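Across the two complexes that follow, chain A remains constant while its partner is chain B and subsequently chain C.
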Partner chain A sequence: MSEISSGKIEIIQVDKFYDDVHAVRGVSLTIPAGSYCCLLGPSGCGKSSLLRMIAGHENASAGDMHIDGRSILGLPARQRPTAMMFQSYALFPHLTCLDNVAFSQKMQGVDKVTRHAKAKDMLDMVQMGDFGQRLPAQLSGGQRQRIALARALITEPKVLLLDEPLSALDENLRVLMRNELRQMQQKLGITFVHVTHTNTEAIATSDMVVVMGDGVIDQAGPPREVFNHPASLYTARFMGGHNIVPVRDGRLQFGGGQTAEPPKGDAGYYSLRQDLTLIEPLAQSSHSAEPSIEASIARVEYEGASFKVTLDRGDPAPLIARVFDRDFETSGLTVGAPVRLRFEMADLCPMRS
Partner chain B sequence: MKQPLVTYILGAFFGLYVLFLYGPMFVIFLLSFQGPTGGMTFPLQGLSLHWFKELWAQNVSGDVAGSFQRSIALGLLVMVITVGVSVAAGFGFRRAFPGARVLFYVAVISLIMPGFLISFGLGLILQLLGIDAQWFTSALGAQLTWTLPFGLLIMFAVLARFDRSVEEAAQDLGASRSQTLRHVTLPLLAPGIVGVALFGFTLSYDEIPRTTLVVGNSNTLPMEVLAMTNTLTTPSLYAIGTITTLVSLACILFALVSIIRMQRRTKLKKA
Partner chain C sequence: MASFSPRGISWLQTAPLVVILLVFLIAPLAVIVMVSFWDYSVGGMYPDFIWLNYEDLLTSPTTIALYQRTLKFAFLVWMITLIIGFTVSYFLTFCIRSTVWRMALFLVCTVPFWTSNVIRMIAWIPFLGRNGAINQGLMAGGVIDEPLDFLLFSEFSVVLTYVHLYTLFMIVPIFNAMSKIDFDIIEAAQDAGATGFQVLRNIILPLTLNGIGLGSIFIVTLVMGDFFIVRVMSGSQSGTVASGMAYEIGGLQYPAAAANAVVLVAVVVVIVSIILRFVDVRKVLTE
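Now for the complex of A and B:
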């Protein structure tokens, strides 16, 4: 639709209190125009409150919000250049899909023929053209989501706000629909802000991942940066897929008294991607380079494409390595077997605690 | 299939309960079709519509037609006011305001007040103030002390199940508050509101204790029938019972059918 991207969001020192609960604490964030941004975090981290404040369904207790340079503070939801897709879609159960999509036009007083024609175009765009006369009750979860999407997009918003849009769907459909959302966003060129508590969903869809915890932003950046270089213990744990190596007395701690010289810097923790943590049976190991860390296998879990191998190392939390399943069969790795770790020091990422 | 003994005992108990519940009504219904030579008790002397004709021809002592009209009018009046006030109050209670809980208790406490006492007290006040009791003023007020708390309770139940995200969605899509109310909230609450209306009408239609001392010179139907039981000694009395019961049943049936039709349209099935 629009060739020039619009929908730049600036959130400036925003707070939200619910009675005594400080749900959002001085959050500042700039979301570039035409980008797909995921707000990621566990329930109660303030991500939904932030989304609802952008939509105008909650008022910020303090701070300011701009869309394309204009303050939206104090504007009611219907006057903001945003549209929201609700968690359970909030379709109007008494209206047909066509009338659901045409609702905003009806409120503006657009005549029936014109608004139905436009709603039909929107239904075609989400491949629901044949479902115009159905009621929401007669649709599957994925179909309802498409109707909700069409209903929101007919208002030609600069920003589409999606509140856990995939949580009502089963696993297969979730992967399918997140792909469709991403394609839709790229086609329209508007800003999408998508709230989720699923890390894979966030990194698969977005240009920008914003990890939130306890009302503040822990880390914000492109998905590859956030996944590869988690800046904190919190983000590393939430993104998953990382081993965490603590530093004590100036040495990396690998358990069982085994230590290594850390890279430069004074970080308290380092992360190491689990898939970059390689292991080989001690008996076959010819590797003698530093650091030489040994451990024994505590558990093995088959995950389809790979085996998840958990290494017991005593004091710090267990290390996890992933072994491609064909390699595993010939590797001689079994529970209790002693192994040697192999990894590149360059893959260690410093983190704050 | 062999069932444990307790099933038969409980089944028999339930049978007795149903007999006790509907038996009296059925007896009245049957006796209202008594033959012209029959009396107020069994046996039936043939079946006829004789006693309905008597009633129609106003050959009975009481003002049946007049009181029936008054009862219908009063029932409709009570219904309209109950719906208006209960729906508005239900919406009011959706936003938490200081003292909401106390106000709610004050509003519903009249449900447990003995009806006759309300009538008695209201009658005394009217006498003190020198105001004449009328069915459409004082009796209306007395009945509202009964129907309003009922209506409010129903609205609470209806609104508790109402998903407010559809209202937010409407406003997100550019609807004003009044448009949201008209196009989304009220259509979705309609089955519950019909329920409130039904309660308002039927509670008024057969109300006696609250009405009894404040109805004035012109009786409502239940009051008239109560008076007639002393003087009317023909099966026409049963004919009144049959007709009024049919009116009540028709109201309930109409309300149920419309509720079911509305719900069939709006009920969201689980995906």
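Now for the complex of A and C:
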């Protein structure tokens, strides 16, 4: 923790086979030192395997991995400059919280007084100072997670690996904890690699989102870039919040035979953020706007701050528009009402299929 | 239907167990304690209250010798079954990754139990005897010139048979405790820098301690109460406390045997209490 920004991870052409299953397929990725990286994808996409290979709990079948320029391949987990936080927290059930946190120090042969003092500092850092003498079974999920965090950080790792750290928590606590994890990462200046299947969690915490599917990286980049410019159909669907507009015969397809000239390029699909897809009742709209696409409202769903308005457009998948709730109340939009779409051509983002 | 108070229902629910324990445990023990104070002669036994049986027992050098040997057997068998039980359980739990194989191999451990104790015990005799398989094999291989005499009808064969018959009682509780250890916990320990031996010492052993305790209770009580195996396998050349009792019963010296039994029960209770100081057996059974 002394030097600022250590923990650069380079993953070079890594493969992982489990018997016949090719779980990770030739993945290459560079995670900058001191960044918060989220590996995002559905279960079985290879993100956890990748994390466990960085930790040393799995061996890569092929490829190489470096941390701060040194290959970690073949090193056992205990010799790697990484620490892992498990999804189940994996606290030692027979040890008090203090001894759980002090465990790695004990393994190094540090005397009891010194290691307990250091463990106490770590407990204070995660605001669990009063719980040192409790057993893990006596703690709530969120408290256990703090202990697990303290236990991982006491080893002064260059890289902290978090395997679905928030999945066992309820929604409110999850939002609170992801914020704390982010703050902790910024305070320590080490690299965090966080595996999750929740897109909101990934974009809220990270400097870098790595979307994975079927053992390969689909897209990697800063969260705003990945969210605003999904490079593929897969990422757009997984990130959510996007309408997908296909191109057929060189024209954007909006359903019901309505088409428009696509922006330059030869992409097969374009994405359009749902909140940038605006609608207005047909009766109130002027015809001047181009392209002029019409549709009717199939469903309306209240989501709190906004309404999710689903537009029926026949052949391609429905379009969705999100309307701020106050605007919705005054707009006169109802199910079955004909509407006109409004969007900026610049907001259309080309994607590979 | 008559209505009962909650208290009454609790009593009713515990009644069957209370009755069983009273009839089959407390009553016989009470009779033994009572008889241990009676007087006896060649002709029979007479209700009395004398300490003579205990005096005879506790001042006899035979008693000391029998207890020494019984405790030696118990300790040896405990040590060996513990090492085997822990190793086998460790192998089954952490080295076999497939659940199907793990259960299959565990069942293999129980195969010897498909035959009776007596057969399993007797089966050793042709194997260990002077002209048995081991001696013949070793002589044929030129390892020894004369048959090894210590193999059968010796303390060696007694301990061997105990280990063979009782190891499963150690394997089952340890395997049970080990299979409850979450593999993430082992990985977390490795992640925290623990070597293989440190994981064993700091994680697996403490989390298996309750199983070890339960197995130890089984082994100690089984060995301390045996007189049959020791008689057959030592060729009546060795004896335990229970052999002494069997001998007294054979001589119709019931009050002496009863005093012997009371002392043995006391000794076993002390040993089990010591084991229980280290482990929480209730946790093993309920978790």
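Just so it is clear, the second predicted complex is superposed on the first by the 350 of 353 C-alpha atoms of A that agree within 3 Å, B and C clash if a C-alpha of one lies under 4 Å from a C-alpha of the other, contacts with A are read in each partner's own complex, and residues count from 1 in each chain.
The definition used in the following text is that a contact is a pair of C-beta atoms (placed from the backbone, for glycine too) under 8 Å apart; a residue touches a chain by one contact, two chains touch by 3 or more.
Only a predicted model underlies this, so the values are computations on that prediction, with no experimental measurement involved.
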Exercise for the section: Have a look at chain B and chain C on chain A after the superposition and call it: clash or fit. Expected result: clash
Exercise for the section: Classify the contacts of A:69 with the two partner chains as first (chain B alone), second (chain C alone), both, or neither. Expected result: neither
Exercise for the section: Considering only touches as defined above, state whether A:137 meets chain B (first), chain C (second), both or neither. Expected result: first
Exercise for the section: Please name the chain, chain B or chain C, that touches the greater number of residues in chain A. Expected result: B
Exercise for the section: For A:109, decide between first (touching chain B), second (touching chain C), both and neither. Expected result: neither
Practice task
Could you say whether A:90 touches chain B, chain C, both of them, or neither, answering first, second, both or neither?
Solution key: both
Problem - Which superposed partner A:336 touches (first chain B, second chain C, both, neither) - result: neither
Practice task
Pick one for A:265: touches chain B only (first), chain C only (second), both, or neither.
Solution key: neither
Problem - Touching partner for A:57 - first (chain B), second (chain C), both, neither - result: both
Practice task
Check the residue A:257 against both partner chains and state whether it touches chain B (first), chain C (second), both, or neither.
Solution key: neither
Fill in the blank from the handout: Intersected contact list for chain A, partners chain B and chain C 55-57, 76-78, 82-84, 86-88, 90-94, 103-104, 106-108, 151-152, 155
Exercise for the section: Going by the contact rule at the top, pick out the chain B residues touching chain A in the complex. Expected result: 163, 165-166, 168-176, 179, 183-184, 187-188, 265-269, 271
Completion exercise
Seen from chain A, its contact residues with chain C in the complex are 55-57, 76-78, 82-84, 86-88, 90-94, 103-104, 106-108, 151-152, 155
Completion exercise
Note: in the complex, chain C contacts chain A through residues 182, 184-185, 187-195, 198, 202-203, 206-207
Exercise for the section: Over in the complex, which chain A residues touch chain B? Could you list them? Expected result: 55-57, 76-78, 82-84, 86-88, 90-94, 103-104, 106-108, 135-141, 144, 151-152, 155, 168
